[in-house]
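In the two complexes that follow, chain A is the common piece, with chain B as its partner first and chain C second.
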Partner chain A sequence: MSELKQTILTSMEHVALIADCTLVENISDDTVLLQSGLDSLGFAMLVAQLEEELGVDPFSEMELAVYPRTLGEFVNVYSNALS
Partner chain B sequence: MNSSLKSQKKSVVVTGASRGLGLAICTQLLQENYFVVAISRSLSEDLSRLCEEHKQSIAHISYDLADLNGIHALCKSITEAHGRPYGLVNNAAIGLDGVLATMHNSEISTLLDINVQAPILLSKYLSRSMMLNRTGRIINISSIIASTGFNGLSVYAASKAALEGFTRSLSREVGKAGITVNCVAPGYMQTEMTSSLQGDKLESVKRRSPLGRLASPADAASAVLYLMSEQAKSMTGTIMTVDAGSTA
Partner chain C sequence: MTPLIEQLKSFTGTAIITSSGEKISFSSLISSAENLREEIKALSQLESPSDANLNVQGLGLSAIKTSPQRLVDDGRQEWELPYSSVSDFVIILFALEGFTEQFSISSDRFYFSPVSVKENKGLVESRWFLYTSGTTGIPKKIAHNTESLCAAIRPSETATYHCWGLTYKPNKFAGLQVLLQSLLNGDCLVDCTTGSLDEKVALMITSKVGAISATPSWWRQLIMAQNSDTLPLSRITLGGEIADQQLLDVLSSQFTSAKIFHIYASTEAGVGFAVSDKKAGFPLAWIKDGVNKTQLKIKDNLLWIKPNSDNVQLNSPMKTIEADDLGYINTQDVVSIEGERVYFKGRINGAINVGGHKVFPETVENVLLTSPLVAQARVYGKENKILGSIVVADIVLKAKPESLKHKDIQLALLLHCKAHLGRKDMPTKINVVDELALSDTGKLARQ
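Then we have the complex of A and B:
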């Protein structure tokens, strides 16, 4: 597993804890984000947490609105922003 | 400043801090032991004096909120320098007095950028830090004009009504994260922004007020301080009017 993906998964667990959400088990690249257990507020917190950890908010930097559907797509958005 | 002392204080970002209501809000926040991040286009003499008197508890940032594209970076720099903010007071606004039919389109755009889009973007980026802290306060400065109307202030009124609608819906969105969102709607106050209101117009406003006077910036700032406090933890999505009763 890439270091970036691990960081994102760790942040998801942290955010789930403070947002009072329960993540589904065995989250993979194909897991649909909206079925991961985080609610929409939880995702806002995840983006905030990742901005503090990685120093980027790829969604604000993009010219067009992009909404990744799966975890794999979400990781790719961050991977592209950091490359 | 001493970092441990700074970390004990709740930090609050105030826009339009250089004069009038913004300055009064900064002054009262400092009196109540908050750390203030004061944003304004320029450093006025009064704000400069306040910074000098409270060196340990206030930081000034020069920023023109008409530059919407830089707001994300501004918020990032605030969080990096001063930690996650506890509160945000969206006070900065411009009030262009004029008949709509002859108002230039660029003036309408600038007013809406500063009065509506900038507070929305500041709330967007700074509420994220509040979400991670599971607590926060967003206070938007509206105006009684949002609900009463005033000849020559149609675009300003539209911007303030937008802010009130924004406040109500955002309070529903972020309440679960422990963040409250409220408005303070002052009536006419004697500030530089309302200096065009003179003579008969001013006397007429005073006469219509049950208290026979205008509310002061300090009166409106006190309402902001209350909404910022722990005592206001159960208030969200509200509009607090401070107008010496003129809309009663």
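Then we have the complex of A and C:
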């Protein structure tokens, strides 16, 4: 597993604890984000948390709004923003 | 009402201690103000006073200038008198009050009409114009008269002589209250409006300041300043922002012999009420019964206040104050009732919209302040693609715990918030900062 994906998964667990969400088990690249257990507030918190961890918020920097559907797509957005 | 300058004439001793420690007596204050009146009178007789300069000896007052750019409604010119210190301010104020029909006070000068002075045959009832702080909007010009501004001035308790620390700018409603409360009781006003916090504390200690009126944000900074616990305070007043229980508790344990008041006031409504039981919020009974001739009501979670003064009528021609048919002013402050108490939640137009849910920054700040780690907090909204806005907090720590990393502190605080706030009220991000800026009204800078 890439280091980036690991960071994102750790942050998701962290946010789930704070935002009172329960993550589904066995999250993979194909897991649909909105079925991961985080709701929209959870995702907003996740993006804020990752900005802290990684120093980027690709969603506010993008000119076009991109809404990743799966975890794999979500990781890609960050990977592109960091490259 | 007796002109304010006349009310000073029975007092002796020091009226003002400047920020550099210089003492100005009541008698020199009165004679400077009277000299200034004479100069204004003389200038009013001139055909074209625009070239005339005015110097009040020894006070460093700048010149009176006519100001052609400023024409009042009926086409008359207004004169302006700039001030650069609290003592200048006081001299101009006591010269104009009861002498000119109206004057307005900005952050660095007084404006008044020379014509009204020229026609002045005796004592006049002055109309004052003050500017609101515009915490969450554009500053408004609000009319007062001497009576409405002095409505909340109380005689000092017998045999207690106070030195009042002035922390507010003197041109603001809260600053004027401190200034008038102090001088009209023959007490001494100490100018604590300039300099660093440490310098202010040093000045307050050497001047033996016993009474301070300031915002909760200012008090939180004071508590963190060195030696502040040695101040001989007997009277503590909080106003301008929500006073939280945590702060009231810290102040009452640090200054055990002090009376503590938190005051609800605004430039528009004047002083509404003062709460002295050292508890946050105010008694629910006041909504039903009123308090000190001020009537209160709650409509759609907003507090409305009917002041015991002519403010609403004074301002009705300008329509600057939103009042209903019964004379109640909409304070824009959101309140909630819990048991027998009414609590302030925040300003209606300061709310953060998180996915359609309104979050009041003040409410989140008050929860953060109940954590033993947090000395000061500022909560604000940050644009977010998913929810419109998210809640972000900047905090100043009480002490830098060496064993705790930033990450641990953030997690501890988020869990603390989780225990006391609804999900959508939760900060999504907590930044640890060294200090929080205050606006020139002493409130947390929210812009």
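By our rule, the second predicted complex is superposed on the first by the 83 of 83 C-alpha atoms of A that agree within 3 Å, B and C clash if a C-alpha of one lies under 4 Å from a C-alpha of the other, contacts with A are read in each partner's own complex, and residues count from 1 in each chain.
Throughout what follows, a residue touches a chain if its C-beta (ideal position, glycine included) is under 8 Å from a C-beta of that chain, and two chains touch if they have at least 3 such contacts.
All values derive from a computational prediction rather than experimental measurement.
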Joint occupancy of chain A by chain B and chain C, clash or fit: clash
Which superposed partner A:Ile18 touches (first chain B, second chain C, both, neither): both
Chain B versus chain C as contact partner of A:Glu52, first or second or both or neither: both
Touching partner for A:Phe43 - first (chain B), second (chain C), both, neither: second
Residues of chain A touched, compared between chain B and chain C (which is higher): C
Interface residues of chain A shared between complexes with chain B and chain C: 18-19, 41, 44-45, 47-49, 51-52, 60
Chain A-touching residues of chain C, taken from the complex the two chains share: 354-355, 382-387, 390, 392, 411, 414-415, 418, 423-424, 426, 428-429
Interface residues, chain B side, partner chain A - complex: 72, 76, 79, 125, 128-129, 131-132, 134, 173-174, 176-177
Complex interface listing, chain A residues touching chain B: 18-19, 41, 44-45, 47-49, 51-52, 57, 60
In the complex with chain C, residue positions of chain A that touch it: 14, 17-20, 40-41, 43-45, 47-49, 51-52, 59-60, 65
